[in-house]
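Report on the following structure.
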Amino acid sequence: MSIRPSLDQIGVSAGKKARLYRILHQHGLRNGTAIFLPYDHGLEHGPRDFSDNPEASDPAYIIRLALEGGFNGIALQIGLAEKFYWDYAGEVPLVLKLNGKTEIPSSTDPLSPLNATVEDAVRLGADAVGYTLYVGSPAQERDFAQYLRVREDAERFGMPLIVWSYPRGSAIDAKGGRDSFYAVDYAARTASELGAELVKVNFPQPDKQSGVPDAYRGDFSSQEAIDRVVRSASRTLLLVSGGEQAGDEVMLDKARQSMEAGATGLIFGRNIFKRGHDESLRLVSQLKEILAKYPC
Amino acid sequence: MSIRPSLDQIGVSAGKKARLYRILHQHGLRNGTAIFLPYDHGLEHGPRDFSDNPEASDPAYIIRLALEGGFNGIALQIGLAEKFYWDYAGEVPLVLKLNGKTEIPSSTDPLSPLNATVEDAVRLGADAVGYTLYVGSPAQERDFAQYLRVREDAERFGMPLIVWSYPRGSAIDAKGGRDSFYAVDYAARTASELGAELVKVNFPQPDKQSGVPDAYRGDFSSQEAIDRVVRSASRTLLLVSGGEQAGDEVMLDKARQSMEAGATGLIFGRNIFKRGHDESLRLVSQLKEILAKYPC
Amino acid sequence: MSIRPSLDQIGVSAGKKARLYRILHQHGLRNGTAIFLPYDHGLEHGPRDFSDNPEASDPAYIIRLALEGGFNGIALQIGLAEKFYWDYAGEVPLVLKLNGKTEIPSSTDPLSPLNATVEDAVRLGADAVGYTLYVGSPAQERDFAQYLRVREDAERFGMPLIVWSYPRGSAIDAKGGRDSFYAVDYAARTASELGAELVKVNFPQPDKQSGVPDAYRGDFSSQEAIDRVVRSASRTLLLVSGGEQAGDEVMLDKARQSMEAGATGLIFGRNIFKRGHDESLRLVSQLKEILAKYPC
Amino acid sequence: MSIRPSLDQIGVSAGKKARLYRILHQHGLRNGTAIFLPYDHGLEHGPRDFSDNPEASDPAYIIRLALEGGFNGIALQIGLAEKFYWDYAGEVPLVLKLNGKTEIPSSTDPLSPLNATVEDAVRLGADAVGYTLYVGSPAQERDFAQYLRVREDAERFGMPLIVWSYPRGSAIDAKGGRDSFYAVDYAARTASELGAELVKVNFPQPDKQSGVPDAYRGDFSSQEAIDRVVRSASRTLLLVSGGEQAGDEVMLDKARQSMEAGATGLIFGRNIFKRGHDESLRLVSQLKEILAKYPC
Amino acid sequence: MSIRPSLDQIGVSAGKKARLYRILHQHGLRNGTAIFLPYDHGLEHGPRDFSDNPEASDPAYIIRLALEGGFNGIALQIGLAEKFYWDYAGEVPLVLKLNGKTEIPSSTDPLSPLNATVEDAVRLGADAVGYTLYVGSPAQERDFAQYLRVREDAERFGMPLIVWSYPRGSAIDAKGGRDSFYAVDYAARTASELGAELVKVNFPQPDKQSGVPDAYRGDFSSQEAIDRVVRSASRTLLLVSGGEQAGDEVMLDKARQSMEAGATGLIFGRNIFKRGHDESLRLVSQLKEILAKYPC
């Protein structure tokens, strides 16, 4: 029995439900789980992320990979969506990523500025929008202000909202760091309190305890940590990120633990496309074997 | 004879009066007093606030607690309201909290950014909105600006406005601190001058006198202090907060003194839900015994 | 077991549900049924409707009657709501009637023009809005156009929409008349198709068959007719109107048959207030005895 | 012959003239002079300003004082206007003060944020709006921006605009201070250049010469100074403030010199209400004796 | 076979395609390539840029030069466009440059503020708008925010958007500098991710490696570098800038390499107009000889 909330239980409007149903039950394994392919690295990190596999710099290659791998959605920035989604429109759900930034200037008080709107997403036939919220950033005041506009528009248009909930900034660095159990748990809850339908988090690392509040000190297993993160997200569906490239076994383990905890799915970018084409598909099929065990 | 102003005496429009009547006379003790359950701790403090009573991390548990305890309203952020209020819509009044922030970055010049609107509150069937005003913050300029929009919308829609009037920031720290009689008195007055219908304050501590103006130096009893705070709020109804957890007897004493002074009611969060279910209800019933003595 | 749909089953948003819950479960018998008191006769028919009971020309008298009788709501035009509702704001739910007309010019192609907005209703603290739709009128094109704006606003603000679904106009007169089973059945369905949460209809008269389509020719009992009207309304809650004054026994019979068929309640105006004060309350209590048998 | 400009000579629209006529010729002495009672101290200084005369913390007491003393207007912030003006609406002109701030944080670059709009003033039946402009503040860029919106709205609604023209901030402190002849003269001119109908200034102190421009160095009598300030304000009507409490004789002298110079009137708050009720009225009548000598 | 994308392959709306067709196929060589004459130096560098050829300070001279040289478009700021374009309206396409700044204040966190809108461009009959994006600037948050408005308006009006994608600011200086292969490659990709139709970049210098990421360290030829930049821009058409004046042979070489890599064209300003009239035209014809070899 899965503790994952179903679409009937998360209080969404008809439009949001219709689009989420499309993503979760008419693509991928069609069993209520999801694996997403995010592709905003050209903006966030620059083309250097494509040097291991130069093919990956071509957005058309990536969209085809999403189709071949049977992903539940692909996340693109507005420019690539405008230029490349038409060719495959409707074949794989589009998640329009609404904000983003280059990594060039430093980020002690990071904010990810909007470069597209929910109305763009409607116009392009997207099934969800993505927003990066830098939880704990000293710039949270401006972040919440621009997030409010996005949430309102998403509500108005019945567009599901996926929050990339990333602990970041100088205060987070001083309190356990971005992957600490404390930071990830707070990030999941923040997205839920602010009204996301899905939240993307990194896998929590309970051993990062330097500077965290007392409640997060102690001997937590990683399963206990991800269990609690799912609980904190309550009716917000949880996606676990692959994060920076790690060994495959570690990744598969985290994926298993996440789904066991009640996550809805995975969102893996660099871990997929930095390897060659066939290797990418092999990894995807291993991840989908895990997802297949958690229908709802 | 209570000095508490009745709904006929506070200059509100029909819509505000209808909604306040609902809160004060059709829920709780139905005698014009109120006890509210605020539940924004997941955003303000993070999930760590739920570690004493893990059940409390589940919003559905909290809403049920509000129903079982016969509260006059529950205060939620937009995300939880969207996902959890539907199940109990109308059974307990909703106070939509319009702003909030994480505690992660430091707050020498705190501001609580908006993440929802009065129109959201109307749409969700809420009976009031809540706004945190950081009185005395160096950021008061931006705070007043966003508050103005909220007040105007609340006026337009006939939606009662509850101001969480919190003295905060470096200047307050230097002038007696957030709970000093001076700070609480000024906070109550500020909310009244700016047009709130209800104001939530902490119980004043007249012995905190370091750095306060002359008028607040002297030997005031806590009853004298809360009496004057009610007077400063004039026709703005006063709610006294439980604040950080203290011993039960101390809390009950403060509640008694507040009601005696002419407060309209109480707003208790962590003091309620951090203990187990039955203990929570026991405390609520003790508080309601006090409220029962002050009908109007 | 009632076939009446509950609030969980009619696909409404949180705000609409909260307001309907208030009407159906926190006023009147608090059992999911409703009896409404409409009072727009001063506009629709002119003061002549008050000649039998001159007290009835005073809106304050009528609102007090609604309170004394324990009605679930009172329906007023904007002017009376502005001037009289404040005194009783929140004590009895307000249904703001958004359109209306005088009976002075003839009505072969009737249309009931808007004189208030959903935002007025929000501002006044109303729990529902009412709209008269003249089903079958040659003016239906303009009627649908103004109805669309009302429905959109009601959706945006989470305000329940009650459609007074009245067959009217020359075409209806030629096809069985306004109370024919055919006309009432079509009217109930039209309101449902167009998105009302509640629909007010007259009790159908299956013997009026001159000019009706074949499907409505035959020997239908009045119970069969009202059963089918409820089915046609599907998830739109049905209110049956008292219509023009008839004998009390006939009215009580119709009320019984309506509730048996799955109606949610009754909406009685002239039948109530044209008699003296005590007689009014006596009739109300007879009607509520019937409603008490149909909790849900 | 007074050098004070009459209402015919100051280029105002019909709406502004009608409202100013009401203030200057239908209240107070009805002779074109004015004495205003400002009451925003609860926000600007906090309740400590009411400790000398606790009755003064009650807005109703103050409004009654304005009526008994025959003032030409009372200036309130939005909250008190909403809650207390209704009882006396129309009996004494309301000046809605549109901006204000607490004194808690320091003010090297002060700005007084808006908390109400000209439309609020229209809605409440006010006859003027008040705006505090911190002349010379490093924040003047933001100040002018929000002032622009106020002036535009005041123009659109025919609402007279009274500028509280206060030299403030670090640059002013370095150039003679807030009450220097230089600062007050510049402040009067700034309000005139920016389109106020009335300007409130402190009485200039020509002996404060440290850091002022050469033109303000020299041996000026206080009469010469206030003469020049009236000239700088040109067709903007001048109100002289009582400022911080001084001896009564000094105040009466300043009032005499101001009226002699061509001021339109006085605006006295703390000097009035900090003393007991009868003392307040006695001082008011002394001030009005002066005003009576300057009809126009 | 050119790898340059044609207008059919870049996902543009009808309005954008029509205007780009006009630029690429109805002006210049009419073969799908382009050479633009930008003339915003009077704002960006001040009149000092015209000292080598004083005639160049006259906008009319420059527009005539664009006509004589058969350019595909001329880029002007709003003021010159308003005053000078009318005389030649339609004869040469106008690219309205929407933002710009003086070089007077220093630029560690540069931002180019808007001074015109897409609607201005529509009104003036322009065929494209230009926007300077300072990639990597610490001010990118505000830059992206104003860019978003431009992109949305451009989308709404079907107006092609050319991004001057300029790496700038302290972080860029520390990571290889503005012309490094790393910086130019990231700049091209950023414009593509953010939805430009054309992107103007400087020619990359692969030997600038101090501080660049590992992927950009190594022995790259300039042809390899520009090849990869074109790939990073993917379906965003690439324009290579002449940049600061270099020797003619170097410039012609860069132009050849750019076109070979799949660039759409060139954008040369100072290199053209700083020399005398006939010399200018001679250089243009050499550049067009290169473009003539790359029809599509």
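A few points about this structure:
Letters are used for the chains, namely A, B, C, D and E, taken in the order the chains are written, and counting of residues starts over at 1 for each.
By definition in this document, a residue touches a chain if its C-beta (ideal position, glycine included) is under 8 Å from a C-beta of that chain, and two chains touch if they have at least 3 such contacts.
Given the structure is predicted, the values throughout are model-derived calculations rather than measurements.
Listed candidates were B-C, A-E or A-C; the one reproducing the B-D interface, defined as more than half of contact pairs identical by residue number, is A-E.
Across A-C and A-B, it is A-B that has more C-beta pairs touching.
On a Cα centroid basis, the chain most remote from chain E in this structure is C. A separation of 49 Å divides the Cα centre of chain A from that of chain C. Centre-to-centre separation between chain A and chain D, using Cα means, comes to 57 Å.
Mean C-alpha position of chain A lies 35 Å from that of chain B.
Listed for chain D are no residues, as none touches two or more other chains.
Contacts between chains form some other arrangement here, matching none of path, ring, star or all-to-all. Here the touching chains pair up as A-B, A-C, A-E, B-C, B-D.
Residue ranges of chain A in contact with chain C, taken from their complex: 11, 13-14. Residue ranges of chain B in contact with chain A, taken from their complex: 40, 42-43, 46-48, 51, 54, 57-59, 77-80, 82-86, 100-102, 104-106, 111, 113-117, 120, 142. The part of chain A that touches chain B in the complex is made up of residues 10-11, 135-138, 140-145, 147-148, 151-152, 155, 167, 169-172, 175, 182, 185-186, 189-196, 213-216, 228, 231-232, 234-236.
Residues 13-22, 25-26, 81-82, 85-86, 89-91, 94, 119, 122-126, 156-158 of chain B are the ones that touch chain C when the two sit in their complex.
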